[in-house]
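In the two complexes that follow, subunit A is the common piece, with subunit B as its partner first and subunit C second.
Then we have the complex of A and B:
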């Protein structure tokens, strides 16, 4: 399902002295089956934007179009419930939403709400947990007794079990150990490629954005600053200088390398593979290559 | 849920904000008590007027204020209507089936509504204009005589102020869990009453769990910073009773006297 924002404005508590505009004239289009990273500093409006896509918030003005459903300020709560069937939302620190006596029941909560019978909901729940590599011996444990990583997987399974076509992720790997984080990211990529899910992920992890996303949305103070593919986005040194954008580790390395060696007339690398060829080219062109080995 | 303002503090600068918290608390208690003592329309409306005036004096936006308390106003109104229909006596004005609107019922209903509305407005203004620290200091001040009875007044007020401090945090946690469960297809406004209550389990269970965790973290953080118990603490913020506070207190005297004379 494609996602389209048309001149979306959103104000919090619009009729109070606290009124604060969180989204300012945001317009963009995300193609069906794309993987997009949503970048921006804390408070730039990333979560607010995500909440518009499954109707937890309605635009104060403008339109959000998800598939063929249009959400405006006048959309009724009932239509939004239908929308949520197609849109899965993994919140920040999603383990806080676990509530049921057992993991299995918790994961089955979503599919049951969307009209599955209890046995088939539990079937889907088991399948989803298995796909995530969840330790199946813990199936009938209380989610409270699980480790942090297993809790996160259980919560993720709870969202994926609703079999959404769009997946909204709000910092899905924050606070996870590196190997679980990597595994989860690879799984998201697989879901996009194999099940044709449209994924929008708010993140502060530039390395993950560079590696997994097809395109990037960059937000600042409620405005959409730029929409571009990662390889183009991370060339924007001006945005980095203004502290609106951060860079992947390899890109930062390449910039520092270039500053030391004076080698600047090349596109900056955003992956390890690109970094290697960047260095090879830089070193082969430089006559005094021996002195400029990369330990910037 | 974001409209809920009861228990929140709105920092600001106004006549009401600057009054001493002790003065404000006494005034609120006086309004509530006097309002319960009188049945005269004149007095009831006068007290309502005073509490409404205090919203203006606190420079609070009226629209914002009433949106924030409309849930409570609605509950009071509902209770008043029940009073209106089920208290009998006096002349019958209107009857329909077993329902009967009597003069007596009308009077109790309206008085009930006015009294509770006044109390609600006064209390909300007090909470909106007084910082949690000032509230707990005030309670500590009024409870301090009980120290003679070996009551741990400082601990009690600290607990109270922490509880007040966490009201907005709890509301924020509540709405984020609500959003998460809504995203998983939970619908809260459909079905029978029992079904609706059941739908809140997925929200309330994690909320309580979270609160317990937060309390544990807070306790650990306090111990790490060397907090033992509240005895013999000195205060960074000292309460300051000014001339204007004395004037406000003095203004209550003729009101109280008049009220008792005209009773």
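Then we have the complex of A and C:
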């Protein structure tokens, strides 16, 4: 399902004198089956934007179009029921979405609610937890007793078990150790490629954005500053200088190297492989500025 | 260690519903005025350890934990806790005040400060975390990362002797995180505060004086960053990400680029590369 924002404004407590504008004239289009990273500083409006896509928030003005469903300030809750079946939302703090007495019941709740029989819902729940590498000995534990990392996996399983067509992820790997985080990111990529899910992920992990996303939306103070592919976005030194955009570790490394040596002959790398060949080329370059090995 | 602020000896803990031990004969020592960072994969027992140290979980191994030279027990826990500033990953669990300022002031109420002095401390702490503009906001209106900043301000305002951060900056953007961690480092240097932090961010360990790697409820590795961050194979085995400077150094060595093979910080590595670059 494609996601379109048309001149979306959103104000918190819009009918009171305390009104505060959290989204300012935001417009973009995300193609069906795309994987987008949503970047921006703390408080730039990422979570607010995500909440518009499943109708948890409605625009104060403008339109959000998800598939063929149009959401505006006038859309009623009743009209959103179908949409919510198709949109899975993993919240920032997973313990806020765990509520059942056991992990199994918690994850099975979604599919059961959407019409599966209890045994088949539990089957789906187990399969999903297993796929995520959840510790299956904890299946009948209360979610409250899990470690932060296992809670996050359980919450994620609850979202995936409903087989959504759109996946909204708010900091999905915060609190996960690096190897688990990597596994989860690879799984998201697989879901995009094999099941054609449309994924929008708010994240502070620039490395993950560079590696997994097809495109990036960059937010600042409620405004969409730029929409671009990672390889183009992370060349924007001006945005970095203004502290609007953070960079992947490898890109920062290359910039530090460039600052120290005065070397500026190449596009900045966004993966470790690119960084190594960046350094290799720089080191084989003739000090007069001519390269001893030519490059494209 | 004479100057240990935290001393843990043979600490074991098992949750009532669990079959296996979450902490298994764990021992560690944190020197006064130092920064110790704990890393380890999910479920290795990091947060459980923090909860036991701060009395959020009841410790059944008697005499296993000493803080500030006193054994942590039912009788001493309230007094000891007054000296600890704790920030958890999810700040929603810690918010209590109707405004950001009230929230930061809450912990100060126990300290017998004058009204004016209290207000000054609140403002100073909010300024330090870049949240002074949000002084009279309702906490509910803040984003996840802003909440983490306010939670940190609440602890900074206390001027605690010991600050414990359990993934306290995980929701803050990278630029903001770096500046907050630099601030914590500054407080450690200036006021001799002791810092204990739990993180999955390998770059945070660069600021520490000591790294503890936890695995299966025990301390698997312990030492200075320059000793620990060079243990490539062991770290991978414990699910710890290697620093970028380390993997780059390794990749370049494999390409026969003339670099030293011992531990180099990112700055040292770039220095070495700069020397190679200017020699050509």
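One rule holds in what follows: the second predicted complex is superposed on the first by the 285 of 296 C-alpha atoms of A that agree within 3 Å, B and C clash if a C-alpha of one lies under 4 Å from a C-alpha of the other, contacts with A are read in each partner's own complex, and residues count from 1 in each chain.
One rule holds in what follows: contacts are C-beta pairs under 8 Å (C-beta built on N, C-alpha and C of every residue); 3 or more make two chains touch, one makes a residue touch a chain.
Source: prediction; values computed, not measured.
Asks: Under the superposition described at the top, does placing subunit B and subunit C together on subunit A give a clash or a fit?
Replies: Clash - subunit B and subunit C, as placed by superposing on subunit A, overlap.
Asks: After the superposition on A, what does A:109 contact: first (subunit B), second (subunit C), both or neither?
Replies: The first partner, subunit B, only.
Asks: Looking at the overlay, what does A:98 touch: subunit B (first), subunit C (second), both, or neither?
Replies: So A:98 only meets subunit B here.
Asks: Check whether A:12 is in contact with subunit B, with subunit C, with both or with neither, and answer first, second, both or neither.
Replies: Touch partners of A:12: subunit B and subunit C.
Asks: Contact-wise, after the overlay, does A:180 reach subunit B, subunit C, both or neither (first, second, both, neither)?
Replies: It touches subunit C, and subunit B stays clear.
Asks: Which one hits more subunit A residues, subunit B or subunit C?
Replies: Touched residues of subunit A are more numerous for C.
Asks: Thinking only about the overlay and not a real complex, which stretch of subunit B clashes with subunit C: 111-119, 219-227 or 255-263?
Replies: 219-227
Asks: Do subunit B and subunit C touch any of the same residues on subunit A, and if so, which?
Replies: The overlap between the subunit B and subunit C interfaces on subunit A comprises residues 12, 96.
Asks: Over in the complex, which subunit C residues touch subunit A? Could you list them?
Replies: 15, 17-19, 40-43, 47-48, 89-90, 92, 141-146, 148-149, 167, 170-177, 200, 202-203, 239-241, 244-245, 247-248, 251-252, 255, 257, 266, 270-271, 273-274, 276-278, 280
Asks: If we count contacts the way the header does, which residues on subunit B are in touch with subunit A in the complex?
Replies: 2-3, 61, 63-64, 67, 173, 176-177, 179-187, 189, 201-203, 205-206, 209-210
Asks: Taking the touch rule as given, give the residues of subunit A at its contact with subunit C in the complex, in rising order.
Replies: My answer: residues 12, 20, 40-43, 46-47, 92-93, 95-96, 135, 137, 141-142, 145, 147-150, 170-171, 174-181, 204, 206, 243, 246, 249-250, 253, 256-257, 260-261, 263, 272, 275-276, 279-280, 282-287.
Asks: Within their complex, state which residues of subunit A touch subunit B.
Replies: Listed in rising order, the residues are 12-13, 15-18, 51, 54, 56, 77, 81, 84-85, 87-89, 91, 94, 96-100, 109-110, 112-114, 144, 158-159, 162.
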